[in-house]
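When the chains are written out, they are named A, B and C in that same order, and each has its own residue count from 1.
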Amino acid sequence: MSTVIYEKKDGIGYITLNRPEELNAMNDEMLAELDAVLPQAEMDLDVKVVVFRGAGKDFCVGQDLTGVNTYEVLSEPGEHLTIKKRMEAERRRNRRWEYIFNLAKPTIAQVHGYCLGTGCYLAMVCDITIAAEDAQFGDPLLRMGLLPHMPLWLYLVGIKKTRELLYTGCYIDGIEAEKIGLINRAVPGDELEDEVNNLASGIALMHCDALAPVKDAINSVMEARGLGAAWRFTNNMQLVMQQRTMLPDEFNFFKARDKKGLKAAIDERDAPFKKFCEER
Amino acid sequence: MPTGFGWNFKTQYQLCFWEHRDYREWEFQTVLYEKINDRIVRVTLNRPDKRNAFNDRMFEDLATAMHKANDDPDVKVVIVRGAGAHFGAGHDLSSPEGEESPPVHPNVNPTLQDYYGFERRRCYKYDDVMDFPKIIIAQVHGKCIGASQIFAASCDIIVTAEDAQFGIRGFGSQLHGLTEFPIWPLWSNKAYAGRAVTEMSGREAAELGFANVAVPLEKLDQETLMWAEVLSKLPSEAVAVTKEWISGMLDIMGMGAVQREHYHAHLSLQYVHFRPEEVNLYKEKKDKGLKGFLEDRAKTATPTTKK
Amino acid sequence: MKYKNVLLKFEGKIATITLNRPEKLNAINDEMLRELMKALEKTRNHYESLVVVIKGEGDSFSVGQDLSGEGTNEIMPPNPRNKAYLYDMFTQSQKNQSIWQYIFEFPKITVAQVHGYCLGMGLDLAMACRAIICTDDAIFGDPSVRMGIASPNPLWTFRVGLKKSKELLLTGRYIDGKEAQRIGLVMKAVPAAELDQVMAVELDAFSRSVGIGGWDQMTDFWCSWMAIMELAGLGAARHMTASVNVLSSIQRPGRSLIERGGFDFYKTRDEQGLKAAIEKRDAPFRKYFPQPKLKKR
């Protein structure tokens, strides 16, 4: 069963993340299938606009944290890798986001349920993001001692909100996400699919050579604003993060997972922040 | 050392605003340093009779407090707040000449070379605040103007009273660096982009994303402590690396120009011609004193038509 | 000052420049732009003026560039049908950029007062001003994508953020004053009956918004801000958007967009007239993006 499903209809290409039992967590297999499907969608002149969505109850909960089949997704501490290998791995990981950001046709993220970590990054690099009002956006990477490695945070929501969301790791709903500029629009959950199809259909009326330069113009402005350098810089900082010292009294996610299992580790990761985030 | 200022000139060569004082023998005069618990330090700017305006001593005390907190291996979070009714009114314009805070009177006629050094020293502190490798929270109430506003902007998080006042008419808050860095929404029309006076309440600041959260004044201490508690749970090295990443991102986005242009603008204060109908800073301070200047400035800056 | 397409008035600290082709909804052509630049130059040298209001005579601010094909050799790219050289297209695009740069960097406080339509190049003009104040039913938009053209305006992401920029430019849809205020495109959107009063209050506030160093220092601040914007990417962005604008405009018979069945605005205009071409351009999208309507006056 494919972890990524690709369909075409009426000028719209749909890419559906398909690991619903795992909340569409990204693992090596899913990334490999994305890598196969994206060039297809890009080169197909009949596809004017690409919609990303998630099977099941969620868009995407982020990286698969099991540690199984996740070499492309996440560097585990204790891996004995040379700097060169680490650099290559980081570059591959972020190149994917950069590539989707620069895909030569408009992209729409259709978000419902959880949209966290790298799932949130996918929604961010899409041109337009439409979400259910009760979708949950968040980036809890710092709680696990990982770098929240998405340069678009600063560009989209500004300095203070970036610090707040990355430090606290709190989730925000679709309505707040729209307010702070993370997404375009939040709609009632049962209207989401129609809203996205409507938007995609309107865009699909136009020729791909009308759409490509318009997207390129804005992405060029982003390049001029430093985004190109930001991708590489972010890769480098991920390498620095991997060298960090984990102090003995600090929570070690990977140790907890190996000892007590993934669910327990996630609960322990989130426990200190739960009350604060719920009362925000 | 002979300088264009005619007074003993402090060296402008310093590596980091908050790293050069030895805190072990230091006596804090204008700030209070308290450890709320192992992980949280609270620094209170303590010149309430001067609305916590910065003079040389308070800059030194604040810097030393930050140094001390950074070297304490248990500390994860620093809170900075103001004693009395305000967070801070900026530079202390009533400080004696020879101090860093008041603008240098054109009569002093400094050499451009010395004035460059003087202004760099004034303006580059805030880069150093951004480089502080632990979480630093500004707890704002009352007025938060000028240098105090830039300081708050350089902190990670701003927790503010709803009725606090960021910026002040008649001061000209363009070029407060981080307060107006051209990332949306700060350059959207929502923020009255390009308008020279940005005076906003704590509530407006939170709406705009300039502050993180605005609460009623009586809840301010508690709210700030809540933020400090939860953020003190983060792995400290990961925080340091993440902050470095954000600072690097801001450099890539052009932040360097902001601090530099800030002091270029200060330099221009030496050479401005005031229009006849304008409030002339230097003349008024001489004729009417600081209070008179502030009153007259407020009068001309305030629109007469009701909003 | 006797201009044909703009009006210029000085009153105390406020200069007012009014676009004056009301019968054409203030569509911008070569002559109007030239006169606008002259009026701005005069205002720049006018000591008393601190604030400049730009507004439109008649029913609209401006529907944007004049698409009739007449009197627009300077502001519009050479007609692709004439197999224009890249050289000419780039030179024209760069010249346009320098005009908008001049307005964006104008050393007095520029305020666009918008009612009715504010589209395309009209929107570029308004966005280049420091602030926009509008009626709540004013209509903003840039339908360039529907004609296969990428807008050369580099300010979008600074004003409304990355996500909204992509949405509005990729759909070409129109929004009303209320939505414009919500997304930060305009400072205030008010009922038409209140506009004059609100403008009076805001212009007064703007004219008093000098800082500790007076108006002289304000101009230094503004110069510094322009340096910051350049370093924040606006400098390169201008050139890049000019370049992409040319690449999109160069679509001509024998090249992709037209040959593969894309909407050929120029051909439709030459064969059926401007009004029909605009209708053909916009009609298919109304089903997906309802067009806001102006209130009856």
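Worth a mention:
Keep in mind that, in the parts below, a residue touches a chain if its C-beta (ideal position, glycine included) is under 8 Å from a C-beta of that chain, and two chains touch if they have at least 3 such contacts.
In this text, all values refer to a predicted model and were calculated from it rather than measured experimentally.
The chains in contact with chain A as well as with chain C are B. Between B-C and A-B, more C-beta contact pairs are found at B-C. One finds 36 Å separating the Cα centroids of chain A and chain B.
Multi-chain contact residues of chain A (touching two or more other chains): 155, 181, 225-226. In chain C, the residues that touch at least two other chains are 157, 161-162, 232-233. Looking at chain B, one finds that residues 181, 184-185, 253-254 touch two or more other chains. Those residues of chain B that touch chain C in the shared complex are 103, 169-175, 181-182, 184-185, 187-197, 253-254, 256-258, 261-262, 264-265, 268-269, 272-275, 278-281, 297, 300-307.
The residues of chain C lying in touch with chain A in their complex are 144-152, 154, 156-157, 161-167, 169-171, 173, 232-237, 240-241, 243-245, 247-248, 251, 256-257, 260-263, 284-285, 287-289. Of all residues in chain A, those touching chain B in their complex are 142-143, 145-148, 151, 154-155, 157-164, 166-168, 180-181, 225-226, 229-230, 233-234, 237, 240-241, 244-247, 250-251, 272-273, 276, 280. The residues of chain A lying in touch with chain C in their complex are 45, 106, 127-129, 152, 155-156, 181-184, 198-199, 201-203, 205-207, 209-211, 213-218, 220-226.
If you check the complex, the residues on chain C that touch chain B are 109, 130-132, 157-162, 181, 183-187, 200-201, 204-206, 208-218, 220-222, 224-225, 227-233.
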